[in-house]
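Input: structures, listed below.
Paired with subunit B in one complex and with subunit C in the other, subunit A is shared by the two complexes that follow.
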Partner chain A sequence: MAVQLNSKITYIFKKREFGIFLFILVLLAVFGSIEPRFFRSDNLSAILSSVGILMVVGAGQTLVIVTRNIDLSVGSTLGMSAMVMGMVARENPDFPIVGLILVAMLVGGICGLINGYLVSYGMIPSIIATLGTLAIFRGAIFLVSDNVQIDPEDVPKDIISLATTSPIGIPWLLIFAFLSIILVWYISSQTLLGKRIYAVGSNPEGAVSRGLSFNKITILVFVFVGVLAGLGGVLYTARYATINPADVARGLEFDVISAVVIGGTNIFGGSGTALGTALGCVLIGILSNGLTVVGVSPFWKACATGFLILAAVAIDNLVRKRQEQNFLLAIRNQRVTK
Partner chain B sequence: MMSKLTNSPIRFKVPGYLIGPILILVAAMIYGSLGSEYFLQPASIIFNTGRYIEIGLLALALTFVIINGDIDLSVASTLAASAGVLAKLFANGVPIFWCCVASIFTGFVLGLINGIIVIKFGLPSLVVTLATLALYRGLTQVMLGDGVVANYPESFVGFDQRLLIGGNPGLPAPLALFIVASIIFYYVLHRSNYGLKNIMSGSNPSTSNFSGISVNNVRLVAFALSGTVAGICAVMITSRLGSTISNVGLGLELLAITAVVLGGTDIFGGRGAVSGTVVALFAIMAVREALVIQDINGQVQDAAIGLLLILTVLVPRIRSYYVDKRNRKKRFNEAQAKA
Partner chain C sequence: MDHQSGLGEIVINVLECKSLSKWYGEAAVLKNVDFNLAQNEIHAIVGENGAGKSTLVKIISGLVPVDVGTIKFEDSDRTFAHIREIQNSGVALIHQEPRLFPDLSVLENVCVDYQVRDGKSKRFNWKKAEEETKELLAQLGCSFSVHSPVKALSVADQQMVDMVSALRKKLKLLIVDEPTASLTPSEVARLFATIRKLNASGVAIIFIGHRLEEVLEISTRITVLKDGEVVAVKKTSETTEDELIRLMVGRNIAASSTDSRSSSKEVSLKVSHLESPGFVADVSFEVKKGEILGIGGLVGAGRSELLETVFGLRKRTAGEVVSSNHGSIKTVKQAISARVALVPEDRAHNGLFLNRSIGENLVITNLNLTSKGGKRNFGKETQIANELIERFRVKLSSASQLVRELSGGNQQKVSLAKWLKQEVEILLIDEPSRGVDVGSKSEIHQFLNNSAKDGMAVVMVSSDMRELIELSHRIIVMRNGRIVGELSGSEISEESVLRLASGLATAGKAN
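Here is the complex of A and B:
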């Protein structure tokens, strides 16, 4: 029993997510000791609400990156669904809130479907296709809204209260974030679909020759990230209450991809976990808020994010190389003993 | 049918990758000339090129990086950091000439850093340059803060207004520089040893390695080149704008990459041409200027470029799909007839 427990503990210590977790603890300790106000509840809730939006979109992006694709258009998709939802709410003030959320998710899903078709049946590399739709969706926001922004008084009070209240104490925004992380965890580790997604990511030719439909799975993950970005649009509206057609969620894709990469998802596909992405989002949220709170110039934030990505990928690479070496050594030892 | 075409007296054949950009260019010119009769006047065309030359130079250098199968997302941030060094040195009283030299050198070093991280650590260039995109932009922000550096000497400002050949329409210095650069890049990529190595190492890295090409060196040179060109562009953009702020050149990387991909360079490496990049740059320029003439919002202009990017990649694929299908059907029918 003791041995088993011991091995379990070393297993947890060896997990990659544990390293990110430790780093988050260190950051918390540093920021907290420099500036005790960092731990005030209003600051913590500010961090969490910005992390929540990142988590919802990052959860979907994890699955996209696992399939060797990338979605650069998430920021524009989020903006598009927030804008359409805001306009529906402005025209019909009595629209039920669940309906509004569904509208946003539907618009996100349609954007994702377009991306998915371009990448799968159109055979366009995802980085080019989503680079194009990044600009197209942003242009569409402008055309749909006629360059009129959604003001706080147009947004229903129920939507705004999603960011602050809920039946069980934590705001709806965080509940949605946790639910989407749990959903991705469940899909990726508990279902056959998840196995297929990882199979396509780690060896596309092999997966196709085993009878998996590459196109269907690609479309599915893009629709999934689109729907989650739509949900992110609801949360964005809840948090900021204003939707400006020119700069809604501009540059969000950079933060999301950074968080996913820091969370240990391999940009070449095939590996990555929902928990890692969640921790990556928390890390970015704490870092950007903490730097401001302790009085470091906010200009260092971009530098810090860049360093963090580089460090995460470099450490990942070292670990992977060592694992490969150990694997080869183990095979050789087996042969020698035989 | 085929033999008739090859026997036709017209020997000149437009390469496939140029057809899309040329069509876009012509369409944009027609559309723009509907908006204003002055749109197609040589003077107005040449005057409009000034703002696109930096993107063009970045795209030329990126062509090499992308042919290698790499990507450099950090070019615009490298440009900003070089411009930041230039501004900071100038503000501290260094003569403007040495500021420019330092700026170009900074670009070279930053490009080299990208290359070294990618090659020595064996990391994917997409992630590394995504990180340095943030890192270099952050360095610029740390260097310049909220401030503006201006008051550059008269002799330095207004590079884009200077005419090499006077008259109407004259030849502005940036356009001349771009033409010279295109010719040099054309010779390097399509007529020199290095260009051949570049294309080979992009199309099959391991085979190239075994046939005695140092693929890593080729890639490193491409990264250093893209950094150096970004440094040169930093000097040009500072001279054109006459002031430096920390978000100079924000988002230029997307336009440059669009120009490269629109020009037929394969994003996975191994195929590409300088002529494609040059024509694609002019196509992008024509589209944007035509939409400006027709008074269409900037966000929609970007969307139009994005749509064209997708269409130029998509249409040839759809076409080849149907051609394949027809050929398969033909072969099937022939086999049936034989049986």
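Here is the complex of A and C:
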């Protein structure tokens, strides 16, 4: 009986991801039939590049949201990392590319560390703390760069080629994206650390009474999303080659959080999967590109994403409610048969 | 007071607490408490709510720091040890409500705080952990899958998961804080068997309980706390329930009156063919004015859901609820204006605003009396709050104290008292004394009896068999959402209720 219950649940959970997958296929069909240019290879690779950047940051954001927190500052963190890396590259043209990537990740990690401390030891709710640092980091980008943008000729060719060249047929940018998703999948499903992250989100008080270090885990997930946002900064630079202090990754947090929530991560913590987030990123990427390609005005584009989030969460709530009811029924029946 | 003298033999203590004191604000919760625990004993701590039992075990398990005093565990000083250090040395505390992670599976819950030792391999061996967990669960007589999410388990099963998490480490001291509050009798039996088995294998046990008959059954020694002080340490075999109650309360408790079981003929509330999918199936009953109608049944029989459906909180698909004075009731709003009150089981989530003051909680149901044209009258609010506090003898430092800081019994009193001014005609009360100490319990019982005498109709759900039998004029028993029998007068007995609840007897043939 218990086994049956269990397989039923996994079935429903899988259905959620399957649902997103189906919706992606529908979107592809609709956009493709309205505007055949949608399927041209340059457009597809543009979609993949933006999806890749979303995935890298979204992978980190998933774990943050799982712990009942949220990081609104990911766009500014990404911008800050990209800007610092760009400036290092501009001043030192011979700086090794691996070094540049590490610099970006380090800057992102420091931003994450600040967020983590504010939320854990500072006891500031993450939505407030990161709203603050969203503005602070954005301001810092101007201060650090003196409001001078990084031009394509200042960016090393090796960085730019991350978006196009590859060792195995797919660009580095996508490899990084997949690796981030796989890393989060591995952490969340295979390691004790992952289980602790989910435990903290599932029942924070319980976590403390079981001796889990609540503050350490909180800081860790914020540093993690920061480091990944730093990596995102590298990929952003690879894709756009220009880093403008005013609009580098501005508003990225909206797309990232949308993707994570659409992907099924519970905003109240405790559950969420890397695969769901990956699919959510693909969905957001296709939607935003497709609407532009078929000529929908930017205003409607923003609305469409908004509607999608609301629909995803509303459907999720319905499913969850029904699921819970079925669950209780099944348990009651189990008791009777006992 | 020499705690060992009673045993008349030399005992090696695993735990020695000397003159522990703890203050919350200006209120002393523990005063100079000495507490010793031998390895081979099951040591019960009893006392009214607010006596300091939970605080004491929280200090022992490292959840709360002590202000004054020393704690020695296995000859090493643990007074200021970190919770993780204490847990790793083999101390586990199982709370009233299991502290688990609902989204994680049983296995993950058990392993989540596991420390990888020996530094051999950093990778956690899930296969091995699964086997060990399965084995432990089997030993405790549990049959659920290690992969099912914990939120799908019953409270009793969740407690077992909590227990297994503790057992995974090398356990030396197990503290169970009021574990039986929401368990059925067979689940209690399973729990006690587990506790005895652990004790026999060398785990010292501290047991906190409100149901004295259970305390007497399981323990070997009993410490009685009153107002943060130890008033007695007794060998279980040398004490009685009456003596314990006297020690705990320090005053004689009026026995619940079972005499005047006359209720009027006038029907106050009539429920017919009520349905709520999955929980309540074709339920019909009547309550008369001045009657206490008990609803018996096992946990999960749909009793709480029935009350919620009657009150309009839960969606109903069929049936009717009619108050004889105010007509049909469909929504919560209608229920309240028909002078129906619901005191829910889960005080913390449904019954009270934990983060607001006692005064505000008492006034919230009485705003119609204390406000005029939407404007609050603070003078009147204070007056009403104080009156209610006095009438219910709520223990507090001031009316502006947060409800969260009160003990369970006092919270329940607030939860009840707030309805007192509203001339409630029909009171729906769910588990009136769950997690409530003996003193408060008797006060709550008196209140229910007196209210019924004054003409209130009371529908009471209770898993406490004694409470159900002593208070109810009539008992209906539910099973799987249906009413399976009705008992009144001499038919009422613990056995007859149990037989109906567990499906051993059919309706009308309980005896």
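Just so we're on the same page, the second predicted complex is superposed on the first by the 323 of 338 C-alpha atoms of A that agree within 3 Å, B and C clash if a C-alpha of one lies under 4 Å from a C-alpha of the other, contacts with A are read in each partner's own complex, and residues count from 1 in each chain.
Keep this in mind: contacts are C-beta pairs under 8 Å (C-beta built on N, C-alpha and C of every residue); 3 or more make two chains touch, one makes a residue touch a chain.
Keep in mind that this is a model prediction, so the values were computed, not measured.
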item	value
Contacts of A:Ala246 with subunit B and subunit C, given as first, second, both or neither	first
First (subunit B), second (subunit C), both or neither touched by A:Ile257	first
First, second, both or neither for A:Ala59, with subunit B first and subunit C second	neither
First, second, both or neither for A:Val51, with subunit B first and subunit C second	neither
Chain touching more of subunit A, residue-wise (subunit B, subunit C)	B
Which superposed partner A:Ile309 touches (first subunit B, second subunit C, both, neither)	first
Which superposed partner A:Ser209 touches (first subunit B, second subunit C, both, neither)	second
Where subunit A meets both subunit C and subunit B, residue numbers	none
Complex contacts: residues of subunit B adjacent to subunit A	71, 117, 121-124, 126-128, 130-139, 141-142, 145, 246, 254, 257-258, 261, 267-268, 297, 299-307, 309-310, 313-314, 317-318
Subunit A-touching residues of subunit C, taken from the complex the two chains share	63, 83-84, 87-88, 93, 95, 99-104, 108-109, 111-114, 116, 124, 126, 143-145, 147-149, 152, 154, 165, 277-279, 300, 480
Touching residues on subunit A, where the partner in the complex is subunit B	70, 118, 122-125, 127-129, 131-143, 147, 245-246, 254, 257-258, 261, 267-268, 297, 299-307, 309-310, 313-314, 317
Complex interface listing, subunit A residues touching subunit C	2-3, 5-6, 9, 190-192, 195-196, 198-199, 201-203, 205-213, 266, 270-271, 325, 327-329, 331-332, 335-336
